[in-house]
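For reference, the structures are reproduced in the following blocks.
You will see two complexes here that share chain A, one where it goes with chain B and one where it goes with chain C.
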Partner chain A sequence: MLNTLTRHPDEAAPQGVHEPTLTQLPAHVEELRRTAREFAQQRLRPAVQRLDQAPAADFDWELVAEAHALGLTRLVIPRQLGGLGYGELGVAVALEELAAVDAGFALIIGATMLGQAPILLSGDPRIQSRFLPLFAGDDPVLACNAITEDLAGCDLLIPDNAPHAVGVMSARRDGDEYVLSGAKKFITNGKVANYATTFANVDGHGGATGLTCFVVPLDSPGITRGDVADKMGYRSCLGTELLFDEVRVPAENMIGGEGGGVHINIAQMDMARAAVAAISTGVARGALELAIAWCGDRTQGGVKLWQHQFTARKLAEMTAKVDAARLLYLKAAHLADTEVPAPAYEPAVAKLFADRIAIEVATEAMGLMGARGYVRDWGMEKYVREALGARIYEGTPEVLALAITASMYDEGDDDF
Partner chain B sequence: MPAFTTKDQAVDVFTELFEILLNDATFSRIVREENLSAHFVHTKPDLEIFVDSDGVRIDDVPYAAALKIKMSCDTADSLWAGRLLMPIAVAMGKIRIKGSVAKVLEFVPLLHPAFDRYPGIATAAGVGGAH
Partner chain C sequence: MCTKYDTISTRFARDVVRLNTGLAFRGLPDALPDAELLHRVERPGGLTTLAVRTDQLPDRYLLGLMGFRLAQYLQLGYACEQVVHATGMFAEPAHHLEDDDVHVVTLDAQGRILGYLCLAGSGDSRPLELTDPARRPFPVEVAHDLNLFDRVPPHEGVRSNHVRELKRFVHSRLMHDKEQRLQVTMELLLGAGRALLLLDPPIRTLVGDVEEDVALRHIVLAGMEVVVIEGTTPALPYDDVMHPLYTARDAVKPFVAHVPDHAELQRRVEFLNTALAQSDIFATADAMPTAMPGSARHLAA
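Moving on, here comes the complex of A and B:
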């Protein structure tokens, strides 16, 4: 029986261990890590192969309900709204544990937090009290963030690209409502979420220069949840098209005002990237752990594989990369927990590095296992497929590079 | 033209505003129970406001607050007057906060009672941006 996370983070922390150090996480984050690890190892791992090989549209609500019961879907929600009040550090640590077993399941939780983020950022108690307590009920509730479109991907993520965006979902003001029309694509949790934080361009603004964020319940008339994408990895979470046909949304569901969507989206990404870096770190760790087990068990030339110098060198490089990736995401998450706005540089660096080393580590780990690394039964090839996924979402390497270099050349106010 | 023409004008307005908040039952209870404190660093004109359950202090910082919040007085005026929304001000870097973001997420919604009162206070004090 796994323990539900209910304790106040401050109460869970022993004296003097509220802040992370270079070698120690706060006590309440350690408790969260243990809970997430036990869930991942005991409940998720036995289901991994089934989830991976099931048809694209299959979804395991039972496992989601268990994660919800533990509190994993409400980690970042303030306690007065029924959440657990964990910060980005806790979220990232939990997602590494889930991703070390199944990156897709980690993304179900991560995408829900992405859909919670604009509501948290709003600072508006009215909209917060309408949507955030949903996650504290007995039944599992998921959210999603709907920004990507067929013709506009990075054009919606890079402010300088906004004037050039084409075919963007439109929002038209009509009295006390906005009317949304258009389509979103590859929306994680779109098929199963209760609501979507949805970005649409307000009529009269070119490209995506009027991009605006709305909270849209997905049972609203005019919404169709489209086909599920048949992905090469992350198969336990569902990426879906969302079609909006004259969907009426109350004006009070708008976050950040008309045209504020670009800023909301950037703030969201700066908050989320440390968590995605943690997912990539988890994928790399999962592949490394399989390789360590294999190289410790397999004998060739009369000695264990790990005792061969070439193999030892590979394992050593792999573990150094995983450790480095973890330190980068922990630093980024800690900063995201202690600075508003969250910094752009550290989360982007953490994600850029973790995404790259996940591919390197998983590929090397597959090679160490030989043919067994390439067949499905052993689970290694799944890590290779999933390592490639994080390069796509929440910022490609190219988008991250732009964010990183913009920070390098930024001459902002450093006296605070 | 800046919203506040003198420091004294800004001191009067923000002191009254935070005293209103501290008289709000929910705000004062949560500030006390959660041991919340906020240190506002305002610029142009420069002044520092310290708020905790003991009251409002100007240019007197008795201890390191849980939250340190920096913004110009013009930004503060736009924010309290409702012309600038909090998430946009934060995303654009017009407001910078250091401290526990979990505390920020708890603290910001508590400020809402003051938004309704600010325009009246600012107008009475002759603040430029309120007109």
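Moving on, here comes the complex of A and C:
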């Protein structure tokens, strides 16, 4: 039986007391890594092939319930609200472990945290009290973050693009409520989440210049959960359209005030990118581990594959890339935990690098396994498919490059 | 502080009730150290009752119990919606709990809380005479502004660590079935009885406050000899979330109840345990006044 995560009150010390060093993580983060690894290896791994090859809309609530029981859905929720009080560092470490086995499952957990992030960032105890203790019960609960739309993807991420956004979900004030209308697309967990932190443009503001964040329970009248996207990877998590038809939301569900959505969005991205970089690192590591096992087992020309100089060079390059990606995301996560607001540069660099090396490592690993790398039974081709996924969400390489260069040229006011 | 028609506070309170009503804690029994529990019984059909000290409860489950308490009191109108909203409260504050407070809780098969009561300790760092001015007053004494034991002399040798306050004897408002409601009441009484048997030092006196027609009936049903004190004017400060306890209810009277001696308490607990295993819960309730007679005596102002 896996141990449920708990943290002794004595461990709830200020971050400074438990700062990671270059070679060692804090004890409670190591404990979390062990728990996540055991869950991933013992419970998730046997289900990976089934989850990957099932129809697009299939969802394994039993595995989610197990992860929830371990505390993985409430990692970032403060202890006083029933959570475990981990920061981004813990989250990122846990997601690498999950993604090394199944990136889709890691994203179920990551998307839930993204749904929690605006509520945490609000600093408003009332809205935190209404939504975050949901995760403290024994029934599994998931959340999601609803930004992307059919005509507006990066236009909702890049502040300078906001005036040019078209067709954005609208929010109309009506007494002490807002009325939301429009559609969100490719929303991870949208099919299964309890609520969505939803971004809509308040009427009277052009494009997305009035972007505002609302917490919307997904059982609200007027919401329809659409079809599940049939994706090439990340198949254990569900990406869904969410349709809002005159959905009435109490004004107290607004986070950050009218027009504050852009700042909430930037802040949550800067927090989340280290975690997504960890997912890509996990994908690369999973592929690398398979390749190492294969090259240590397979004999050609009378010697093991790894003893061939060309293969050795490839394995060495691959492991260096994974280690480098991990160091970058650990640094970014640590800074996201200790700087207010979280920096833009380090998380963007970490994600840009990890997303790229995941593709390089997975592709190289597939090549090392030859035909077995290309067939489904061995699991390698799944890593290749999933390595491509992280380039799409939480900032494409192009968006990340703009964020990085804006920091380089000190145009930090609108970091994204 | 508590005024009607404050829409935003009412909405917040409604959300807090909905939040807590939706939470299930089926993992609670397995999360507790079985050997150290004061009481644990599982009935066919999945009803489970536990008696557990505060310091045995994982934080998350303690919050769940405190959330249940608040949700029930909000629904009864005994918790102030404005204070709950102003402070962003979703559970009763746990900081005033003592490590050795006993929580008796009944869960259904899905882990939803159906009933709860608390046996709160004195909070004194060392046992004190009950008439000692240095003794920390029980919350009921604070609300009614009196030392209960000035009115009802304590039994020989009873000190503050032999006294518990019975608090928050509540049922889930989701329960509409009379039979289930009665069973939960009796399961809670059994759990409390077992806790009283096992606590060290032994508990010899219970205190609290009650409405005549509600909780007093349960305490007498449990076979206690209750002394009810008349003529007090209880109140809590307006910024106390529970201040409607004394404005929204009919006369609420403090009481002192002497716990039967160990052998008699044991006999009563066994009676309840055996009776609860029977199928006819109403017959059990009918038999209780004879098997475990209780009484209520009123002490004039």
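Following the convention adopted for this analysis, the second predicted complex is superposed on the first by the 401 of 416 C-alpha atoms of A that agree within 3 Å, B and C clash if a C-alpha of one lies under 4 Å from a C-alpha of the other, contacts with A are read in each partner's own complex, and residues count from 1 in each chain.
Here is the rule we go by: a residue touches a chain if its C-beta (ideal position, glycine included) is under 8 Å from a C-beta of that chain, and two chains touch if they have at least 3 such contacts.
All values derive from a computational prediction rather than experimental measurement.
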Room on chain A for both chain B and chain C (clash or fit): fit
Contacts of A:Ala69 with chain B and chain C, given as first, second, both or neither: second
Chain B versus chain C as contact partner of A:Leu134, first or second or both or neither: second
First, second, both or neither for A:Gly256, with chain B first and chain C second: first
First, second, both or neither for A:Pro125, with chain B first and chain C second: both
Superposed arrangement, angle subtended at the Cα centre of chain A by chain B and chain C, nearest 10 degrees: 60
Which of chain B and chain C A:Asp58 touches, first, second, both or neither: neither
Per-residue touch tally on chain A - higher for chain B or for chain C: B
Touching partner for A:Glu398 - first (chain B), second (chain C), both, neither: neither
Where chain B and chain C come nearest after superposition, their Cα distance in Å: 8
Chain B/chain C common contact set on chain A: 79, 124-125, 128
Sites on chain C touched by chain A in the complex: 7-8, 11-12, 15-16, 19, 22-28, 31, 58-60, 63-64, 67, 85, 87-91, 111
Contacting residues of chain B [partner chain A, same complex]: 30, 41, 68, 70, 85-88, 90-93, 95-102, 104-106, 108-112
Sites on chain A touched by chain B in the complex: 9, 78-80, 85-88, 118, 120-125, 128, 255-257, 260, 263-264, 266-267, 336-342, 412-413, 416
For the chain A and chain C complex, residues of the former touching the latter: 4, 6, 69, 79, 81-82, 124-126, 128-130, 133-134, 136-139, 176, 250, 252
